[in-house]
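Please go over the structures that come below.
Okay, so chain A shows up in both of these, paired with chain B first and chain C after.
Moving on to the complex of A and B:
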């Protein structure tokens, strides 16, 4: 390996990043913009879910219950209806996401402590809102039972006050507010910091398309010099992003950072190496830029979203998917980011993931170097 | 024919693609210092030949030696000795003229001490000195070609492979480009250039005509012209459109080319056919303003040869 060759390729690629507007955007600005978009879009809080109520009981108790349910910000009473047909009509027209049907024996059964007969109907085409409505109604129903029980017990023995018959104490660690943002933003870092992988894939197929690769093949430059020289500038830019973007996450999105920043930076650099090597493979195999773009989405971004455990826990995946997840740099990096930001763990916990990223990066480079020949056709 | 040893030599060189045999048992021998022109119709295998010789394609069978190295197992050893300019050569458009030169100089390990001097000379040579800080993407087509040539010359290669280097370049730039090639030729560089332009082929020391992957004719331009069984009759007449379609059917007429208001008729024998053409035109009432026996152009020689192959 000649350091002069390596430096020539690195320098040329660096000039390309800073002089080509599209590459500059993709590598330097896009990660930040993407983080903003995704963090806002994915952490939208559901509020004011419209529901309808069909009250067959029409008692004072049921009216109080309905008032309590719709008192907060979470559920909005769209209509009080008289028949099930009206509920179906409202659901079909999308006016409501859920409906609460109160049994004719509601007040009587609750008074005699036999239960709380009611039914919740939700719109399964929008399970998020529907599920949210179920959670809210269950939680309010629990409250309501608590109040009713407390009132009845107190009637039997007035000396008892401040009663809380059901008392479930929930403690959420690392993200006390259970705010989706706090958990998502560190996870999303693996995707936004992986953006330069797309550019590195495109830069190889771009040279192939424009014929400059043919020219390079006719020179004495070696394959490794070429591939590494192309990767180095993107790693450096990635390291810049690895400082900038966490700072944005901490300041703008108010994400706590409990770990060691230096360690995080070091592990991020290894992640850059791994994800960029994956980009190199894409560039080596794909003949044109559109093909490289398509394959990047297929092997880098979609799996990055769905298989790396950012949204769906890996433990819940079928075995084959879990194996695939292991081969994705994002999987290991998501653990590192969550560790560094939220749990604040150190190298004693994170080292296997760093090693794994390094091993993945080396294997990707090896595959790329084997299949990348200085030949056409 | 030539006592100098061959610097480029192929023996039954074959390159097959999925369905076609682009180069079919090619035997080519080029002595050092020659300016060799490769001509032939599109798809004859010129580009494949140049790519094979530059080590960019695997050989299917046969053998080739370039600069004393075997193409099948010493490909990388060849590369420092050659300069290769692809047909759709494109430079790094975001780099300046000078940065492009520096880049290729580094890849070819040009000694740093010589680099500044060589760059200055090549820039002057290519007439690019005043554009040295301009981005390659902002140069005209002709200047880009000259810069591309300068980049392939930075390491002073012994052998130059140029694949249609002047396609899409205006006539003045084309002439300038060929003046540069002539200077290189005089300084002893071996040049293998493919071209679709017959006037360019005429400037080579030897021409090889490729057809269906083989070298069918290989000789000096003068001798190729001399070997053609055909002569050109130039006609200036009124109503050449009607005359053209009529003449095409006459016996002995091989090819008709239109040059403005005149027709170049390639015939097997001018002495024999000239009166016949005259008679035929008279019978149709087409007035002939001028008839003369014109010299055979390389283009007509080439067409005649190709028609001989196909027909």
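Moving on to the complex of A and C:
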């Protein structure tokens, strides 16, 4: 491998990126813009979920309960309705996400400790607010039951002061509020920093589309030099982003950074190498840019989004998908970002993931080089 | 007029011939996209189980074993019961090997028997908040249940006595609480949106980059004919993609189609038109395919924000709720969920349908004029 050749290709590729100013800005800034929008969407706190109440009891007890449920920011009383039909209609229109139906015997049964006859109806199509409403209503219902029961139980046996005899003390490490934003934003880094991989796939298929790849192959530049030279400008862009994006995550989205930044930067560079190599395979395989893009979406973008354990825990996936996840650079990098941002662990914990990324990157480059020979040799 | 139609036909056929020689593209986008949706749906539309949790049982009594057994019975955890120490636990949390650790104190059984309040300690790994939240909910529910039983025993009551205190829960439109019903329509929406945007965005930017746009413009075709001829393949591919993916989630994940399928298809067509309009504007604005792709990524993600997959729109600030009203994907997801899952019809969905139709018309007209001007 000659550094002169490598430099020539790198320079040519850099000129390509710089030549068109809009493309240049987009290559540099697209990851930041994407992170900004996604992180913002994830920072939205679920609140003011609209619910309807159908109170058949109309007693003081039921009114107190309704007031307790809708106190606070979490649930908002959209309407107090008179019939089940109205609830069905509101749910259908998506005006409410849940409804509470209080039985006519509510106050009587609760008073005689026979039960708390009520029904919670939930919109089962809403991915976020439906489940949230379930949690909120059942939690508040339990609180209300406990308050009511505590009084009665103390009447039965004054020595019992607590209805809940087991004290569960929860301590959450690294993310005390269990806010999804805190771990999802670092997780998203693997998607946005992976963006240049799609660009690399495009530039290689671009050369094939324009027929300039043959010309390059006729020069003394070797295949590996060509592939690495194409990769280097994008690794540099990625490294710039690897500094820029964490700063935004820390300052704008208030994500803690507990690890060693230099180590994180180093591991990010290895990740960039791995994901860009995957982009190179795609570019070498596909003869035109639209085709390269289509394949990039299927092997880099969508799996990186859904199958690397950022949103859905890998442990809960079927076995085959867990194995597949190991072959995706994003899986390992997601662990690295969590380590660097949240748990603050060092190389002693993170080295296997760095090694894994390096091995993946090298094998991708090898596969790309073999394909390259077959396609053009 | 007749001439014009035959020209448009010729142009569409030319586009299809391009696609045929470049068969990767439709093949990957249609078959590959549907397979990918199957794979992603299969991996992510299941209850969250098998979460690695460690139990440090310092008590080793009948009560603690019963507690561990009930943890096992939830089927949520991959439990590991060890006689460990705090250092080992904190090390494994640091390494991210476990989602949580439950510490049962040495006096657990004694406290329970002697009317005391034993303390269970739960350490959660907040670095994986989704898994940790699941662990927390399950264990909270379990201790509450156990606590209730203990209280009843202490009072000398039967557990039957408090049976009426469970609030009864009914989940409408999703009786089996299938996760697939939450996730797959949104995943379908995301993939469809990117497919249409990409196809549309690459049409003119590709011709520009390859230098064939000029030669197309010097033909006797009017710009309107060119636009329509170029749009037809995009529309057909978008609709085919939608139908294949809809069939996929219907048959593979039992996502019902309770409402009118023809209505859904008509609205899907209007949505495809609107998204294609955006894509075509990107297409004539961009100098090359690379740039078109980068713009598509940004637009696609902004839209995705308003589909309710990551965060409900009702919880967003007022300003963004207004923005959501002009995002076609927002109304489209409401329509897709409404018709497929709720069996809603026009009498219910008309606000979203109106909005989508108006957006389709506005975006369509704007993009037509914009693209025409750009071509001339």
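Some observations on this one:
Here is the rule we use: the second predicted complex is superposed on the first by the 342 of 377 C-alpha atoms of A that agree within 3 Å, B and C clash if a C-alpha of one lies under 4 Å from a C-alpha of the other, contacts with A are read in each partner's own complex, and residues count from 1 in each chain.
Here is the rule we use: contacts are C-beta pairs under 8 Å (C-beta built on N, C-alpha and C of every residue); 3 or more make two chains touch, one makes a residue touch a chain.
In this text, all values refer to a predicted model and were calculated from it rather than measured experimentally.
Superposition model on chain A: chain B and chain C are shown accommodated side by side without a clash.
Contact with neither chain B nor chain C is seen for A:80 once the two complexes are overlaid on the shared chain. Looking at the shared chain after the overlay, A:258 reaches neither chain B nor chain C. Set side by side, chain B and chain C differ in how many residues of chain A they touch, and the one touching more is C. Looking at the shared chain after the overlay, A:145 reaches chain C, while chain B stays out of its contact range.
In the overlay built on the shared chain, the residue A:67 is in contact with neither chain B nor chain C. In the superposed model, A:316 lies in contact with chain C only, and not with chain B.
Contact with chain B, but none with chain C, is seen for A:8 once the two complexes are overlaid on the shared chain.
Applying the stated contact rule after C-alpha superposition, one finds that A:109 touches chain C and leaves chain B untouched. When both complexes are overlaid on chain A, the residue A:168 reaches chain C alone and has no touch with chain B. In the overlay built on the shared chain, the residue A:20 is in contact with chain B and with chain C. For the pair chain B and chain C, the least inter-chain C-alpha distance in the overlaid model is 10 Å. Counting contacts as defined above, chain A residues 20, 210 meet chain B in one complex and chain C in the other. Residues 22, 24-25, 28-29, 32-33, 36, 39-40, 42-44, 46-52, 78, 93-96, 99, 112, 115-133, 136-137, 139-140, 143-144, 146-148, 150-151, 154-155, 161-165, 167-175, 177, 181-183, 185-187, 191, 194, 198-199, 202, 206, 210, 286-291, 293-295, 297-298, 301-302, 304-305, 308-312, 314-316, 334, 337-338, 341-342, 344, 348 of chain C are the ones touching chain A in the complex. Residues of chain A that touch chain C in their complex: 20, 22-23, 26-27, 30, 33-34, 37-38, 40-50, 88-89, 91-94, 97, 109, 113-130, 134-135, 137-138, 141-142, 145, 149, 153, 156-157, 159-160, 162-176, 178-180, 182-184, 195, 198-199, 202-203, 206, 209-210, 286-291, 293-295, 297-298, 302-303, 306-307, 311-313, 315-318, 321, 335, 338-339, 342-343, 345, 349. Chain contact summary for the complex, chain A toward chain B: residues 2, 4-5, 7-8, 11-12, 15-16, 19-20, 210-212, 214-221, 374-377. Considering their complex, residues 17, 51, 54-58, 75-76, 79-80, 82, 84-92, 94-95, 99, 102-104, 106-109, 135, 151 of chain B touch chain A.
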